[in-house]
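There are two complexes below, and they share subunit A, which is joined by subunit B in the first and by subunit C in the second.
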Partner chain A sequence: MMRPLMLKGHDRSLTQVKFNREGDLLFSVSKGKEASVWYSSNGERLGTFVGHNGTIWSIDIDPETDYAVTGSADFTAKLWKAENGQCIHTWTLESPVKRVEFSPDGNQVLIVTDQVMGQTGKIKLFDIDHTQNAQPSTPKLEIVNEDGPASRFTVAGWSYGAFYILAAHADGKVSKYDARTGELLGSTRNQEMVLTDLQFSPDKTYFIVSSKDKTACLYDVDRLSLLKRYTADVPMNSACITPVKEFVILGGGQDAREVTTTSLSEGKFESRFYHKIFEEEIGRVKGHFGPLNYVAVHPKGTCYASGGEDGFVRLHHFHRSYFEFLYDVEKTAQATQQFEIEAK
Partner chain B sequence: MSQAAIETPSSWADAENDLPATQVTENADGTKTIISYKINDQGKKVKVTQKVKLVTVKETVDPAIAARRKWAKYGDEQDNPTVGPDDKTTQFGEEVQLILGTSWKEDAQKEAENRKKEMAKSKPQTITCRTCQGDHFTSKCPYKDTLGAADATTTTPQASATATPEPSMAAVAGSGPVRYVPPHLRKRAGGAAPETERKDRDDSTTLRVTSLNEQVDEMMLREVFERYGIIKRATVLRDRETRRSKGIAFVEFENVNDAQRALEGLNGRGFMNLIMKVDWSKPRKT
Partner chain C sequence: MPEPIAFDESQVDVSSIDFSDLEAQYHVPEPEHSYEHFVICDGAPIAPEAKAPVLKKVLTKLFSQCGKVVDMFMPLENGQTKGYLIIELENAAAADKAVKQLNGKKLDVKHRLAVNKLPDMEKYALNDNITEEFREPAIPEFRSHGYLKSWLLDPNGREQFMLHHHDTVGVYWYKKNIQPEEVIEPRAHWTSASMKFSPKGTYLFSFFPGGVQAWGGEKFDRIRRFVHPGVQLLDFSPTEKFLVTLSPEPIVIPPEDHPARAQCLFSAESAGHKLVIWDLQTGLPVRTFALPPNLEKQQSMPWPLIKWSFDDKYCARMGPDALAIYDTTQEFALLDKKLYKAEGIMDFEFAPAGVRLATTRKNDPPETVFSFWTPETPNQSARVSVVQLPSRQVLRTVNLFNVSDVKLCWQDEAKMLCCKVDRHTKSRKTTFTNLELLSLGEKDIPVEKVELKEVVSSFQWEPHGERFVTVSKLDTPNPNIAVPDNIVSFYDVEEAKVAKQVIKKWLCYKTVTKTHANQIRWSPKGRFVVVATVTGANGDLDFYDSDYDGEKEKEQSDKVKSNLKLLNHHEYKGLTDLAWDPSGRYVAGWSSTWRHKIENGYRIYDLVGMLRKEELIDGFKEFEWRPRPPSMLSSNDRKKVRKSLKEYAAQFEEADAMEADAELRELILKRKRLLQEWYTWRKEVIAKLKELHLTQEQAETREEVIEEVKEEILEEKEEVIE
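Let's turn to the complex of A and B:
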């Protein structure tokens, strides 16, 4: 049994929740105009970032928790001081921003712009100058989507060492770009519908991509090969890889617009736990009244947060049984290992 | 703490209120015994003996995290005077279960099937054809023409011989007086009290809330009652069809003291334009 903390800082549906590197702070953004910062240990709200003028689609925190970056539907991305919530820089773009992410070293930020209103979807890389507030306003690199609106970028992220950019497309394609030259290094397509989320493993050598086609796929960065596939029965909005335990957490549910026509039990608004290796579903956590828009796990694997269409963030701290869970084969393997050690 | 105040010389007028100084003795097992004196509500002197063990708990925290813990609040939280989590934004949800296992899906399926089976079993056969005792309406009976219309004189011996499951039917067919038996008392010998099933539930910590605003739902109820203690269960009685609240709710607490405090604190208090009545859900045995 777990008693989740319910964080009610937003009046509209959540779009992204994210922990910082140490996991002591949780950042959440919603379709409202503010971002919230919470202490993950007790759910206390530290503050809000005020300044955007539309849905905030994405947020990220640099490794030192100095800066936060947000991307909004008001055609801007903003850089904030995490310490006092001051906006120190605003990038103005030509279309809504769907995803922002700091590079692993915090010296660059990527901004994914949506392909709407005659604009071509792009991934723009900007340098971050840590010595001053004003930031360069021209992108260091632009990756342009050349395959038309059906294959526009939805989300993207940095691989290990900031060597590559992995991008997910609306048609289920995943592609890999060189982060220095912008050259397309490869792409693969294993899912049928819009890719909704892309999150990396703790070491950023492999990543999971969730899709509206009710699946999530695990890829490795180097070869871009499909490692695992997790199948669910409802569209998936988000997926993350847990540290410590070999699990993945998937979140999703029926589309928001169809929710009103069905009862709660049919919506399947649950976080689903899959075993990363065996691809089997091993548990579910109920609670949200609407689809889950984002799931994020604490970097130490001690808790996870889910943001729902219902406007709540639910923060679950895992109990001991979670860490003790093992498959029968794993138990046997451990026992034989123990036996061999003792025999020696 | 109050030690200093006690040791300061007081004027002679207060002399009779003078309390002996607090004594602290170190025990051999590392604990301390503190004997202090105070004056209670009734104006009587009370001696308080406390045995205290000091335990130093060392916690190592990343300096960065410790520094962040001290950050001043900003944005919408800037003027919030609450120390610690504010229950406007942070609340505990209901307990949820996460049982990890490979067979949980099958278990859940089995359970659902079992429930279905039980439902099917417990469903009483309500329709009995008067002609052939089948489970259809008399007018739809396929043997209507061959067996003839249902006739009390011809079917009575048959009906009593087969002992129909419905007591009410038996009453009609039998010699006893025709008496209506409510559905929940049927099939029970001697009209056993229906409460027997409910007796196993412990209602000693449950409060009944009446004259509640119809707009109030379980969440709001919880919000109001939660400040008195941990709530196990909060239910609003609703109309079966329309799901409209009947203005009655039950709130079960984890312990009796919390329930008692909630009762004292909330009975007769206004909530959403109506004055709530809070009482124990069952008369207490004291």
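Let's turn to the complex of A and C:
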């Protein structure tokens, strides 16, 4: 693996990092009040989005890289023009925003609000009008958490075709809602503690959920069945699925408040690579000085970024050996496939 | 629900009800003349009538210790006393005292008194509780637990080990690099504290709030329970005959007529005692002790409190200014009925094996020996003494000056004894260590002294050898704890002949300085030694071979045979403890959640320090190799094995390869299956997406690449060309 690019622009802990669809730009948000945009090829900062008044918990970019949406602890979500950083709309909500995400076609956005200060946690869906700046301020649909604060929503995302909303809860439960009607279609619980992240496969037909219980689980969207489980030895804050290679990347580390009592190597602030199908750990990448709060992978699978509690984004471009790595079984499987194609 | 029965009180004729059963049950006897202050004394000598007054006088004097003797009746028959007498004491309390103090009292060699209260005799003897005929007590049917040493019959001679994590304890076969095989299904809540194997590995002990339990046999069935409420510490005699438990709660004897009394194994004298010796075979307590008052208030308990001779014949415990030595074959009676007086005794150790002294004849059994040390007093030097049992003959004393502490370290075959003497300078500002090495097998037990400038914190003899390793440190340490300043020293014997007498001299042939290392673990077979750093935050292991079969490093002394070589070095951050397996083939290191939460789990290395197995287990608590009894092979057998080692090795390698193959094949098949399942599923999903026109290719066609070229002039230079 190549020497990573260190993106130093935030002075507070990172909360989320995200590539746009082409992967040329990297968006990052932190507990500071600004969002940053970077070139993924060289780590140069392109600009910032200024306007929030508190921790920005989440950011997303629409498929055309026209808009960016951010959600913040200041009780607002903002829509930005990606090319110039102009804030064109602000949604005001009743509690802090924990997660925002565009639908795969870019025509809707979901906003997850936190269950604090007497408010019930909700997932709100808004339409995005691409023709004008002003956006409808009433949600198209609201999904309300009915199971009390222990089971509040932590994160959520869109499935393929924007058919379903998949939501992760604080008690380890994952549930699936119809994105048009808001009907609960099913739920399952395979993890013990707070779910910290939910990211989809490139085609959005399956997803990975990380948890503080030191595991990450892979589910399929249609049946909501547990496909794989990856076990680590420290709490996990984020997990993503790599395109091209059959891997998943997990990020986490000993909790921030426990870190002061442990030395650097003991906190295990590493990105961990697991084989997606065999559930086996393949390797680790060290570097951060604090827990990893988010890991994101380039849509073409050529690099990945990690955002740490230490305030740095580390951008790693994969080496050739990464792409060449295969288990023997995989090699034979590929060879037989090749053979079958040729035979046809 | 049944219909309630209509009940009208007025209809009941009370006189027709038979209350006799209740009356019998709650009958309060009329107070009658009490015999509570009478005792019956059995076992007194049978003496002719003429001597009866003398005897009476002796016994009256004896019983007067407990209270005033009001009357004494000694029945006579055929001009001789009958050997028992009835004594009337001043009150019931005196009678109780007499029972407590004088029951079992030895009058002389032949006569042991049995003292009982008269009402007790009536209670047991008169109410038809005793029949004339002897009835054999019911012996519970023998329950077999299988062969208790079955694990030693493993055809591959594999080792077993115990893993304890969260509340679960499992016992496993060690299988080199591959996943250990379960001996039994891991059990949840097996123990309330820790688990421990007995010294020869026969039993596995678990704790429960009411005591300890022994498990064994092929399936680890429960063999015996030792009820000692609140027990916290556990120890064994070396031959697994006896078990010692200590509980902070004093033993409470339920009152005489309480139903729990029948279950209680302790006798009345044990009330308030905290330390119990058990017979492992019968499960019965053989001796109980109260804690000495000086230990009652101490925070940390020195353990073991009872130390054993190598053959379990004697055991001893230390009191102020004396050692109580018990003979286990004589019902734990005090040896020679007296304490071993040693003023100010600080510590003692039995020799871990029988000692062959220069004076021991060839066919005589080896001697039992122990050593102890006493500190300096104004008119006497500190001294270490070596004493033989049962004769109590002092074989050797070593006088020492300016002593702060002494540790007695026996070599495992008891051929040598090292007294690690921490001494202080006259100003008492700094301390340093002297090693006084006693060779027990030689004439007059010569002492060789090794003087050091540093303080030795750890000393370990090589098993079956005469080499040792120490960890030491200057007493003026660097205040920065991050700077390593420990010194590891390796010693061997240099033999010199002086006037026909072979004199052993220990020579430090290699030192490793500036290290954090603080633990020494010799292989139980000798030669290999692991020096480890266990500090909690930082750990590492160094694997050494002290008979390396290669070129000797120049800095090592030529005067000794040893050739030390560092074979391997490993970092192990979380390391909290380490142990060799009993065969000396593997070293296990582990990180216990009892100490910290870092890298909890265990690692197994082989003797040259290759990592064989690593497992991270959340909530991991402890690891223990199952001990083995000493080998029964004679030295000739051993030689034979050594000779044909190559043949054996070939066989074992083949078996290993086959097993590894099977394991590998299984893994490959499993991976193949997973891969196939995955791709079948993916095919379905992709087909479905195609139907929905959501495939990714579609999306990609919309993409265009715009290349931006930025040019920057770094430097411009103008030069005039002539």
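Criterion: the second predicted complex is superposed on the first by the 330 of 344 C-alpha atoms of A that agree within 3 Å, B and C clash if a C-alpha of one lies under 4 Å from a C-alpha of the other, contacts with A are read in each partner's own complex, and residues count from 1 in each chain.
The criterion applied here is as follows: a contact is a pair of C-beta atoms (placed from the backbone, for glycine too) under 8 Å apart; a residue touches a chain by one contact, two chains touch by 3 or more.
Note that the coordinates shown come from a computational prediction; the quantities given were computed from them, not determined experimentally.
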item: Subunit C versus subunit B on the shared subunit A, clash or fit after superposition; value: clash
item: A:Y327 touches, of subunit B and subunit C: first, second, both or neither?; value: both
item: Touched partner set for A:L46, first subunit B, second subunit C, both or neither; value: first
item: Which of subunit B and subunit C A:K214 touches, first, second, both or neither; value: second
item: Partner chain(s) touched by A:E22 [first = subunit B, second = subunit C, both, neither]; value: both
item: Partner chain in contact with A:T138 - subunit B first, subunit C second, else both or neither; value: neither
item: First, second, both or neither for A:Y160, with subunit B first and subunit C second; value: second
item: Which superposed partner A:T92 touches (first subunit B, second subunit C, both, neither); value: neither
item: First (subunit B), second (subunit C), both or neither touched by A:T205; value: second
item: Residue contacts with subunit A in the superposition, subunit B compared against subunit C; value: B
item: Subunit C-contacting residues of subunit A that also contact subunit B; value: 22, 278, 327-328
item: In the complex with subunit A, residue positions of subunit C that touch it; value: 537, 573-574, 598-600, 616, 618, 668, 671-672, 674-675, 678-679, 681, 685-686, 688-689, 692, 694-696, 699, 703
item: Parts of subunit A lying in touch with subunit C, wherever the complex brings them together; value: 22, 63, 160-161, 202-203, 205-206, 214, 220, 222, 233, 246, 262-263, 265-266, 277-278, 327-330, 333
item: Touching residues on subunit B, where the partner in the complex is subunit A; value: 62, 64-65, 68-69, 71-78, 84-86, 88-102, 104-105
item: Subunit B-touching residues of subunit A, taken from the complex the two chains share; value: 1-9, 22, 24-25, 34, 38-39, 42-50, 64-65, 83-86, 273, 278, 280-287, 314, 316, 318-319, 321-322, 325, 327-328
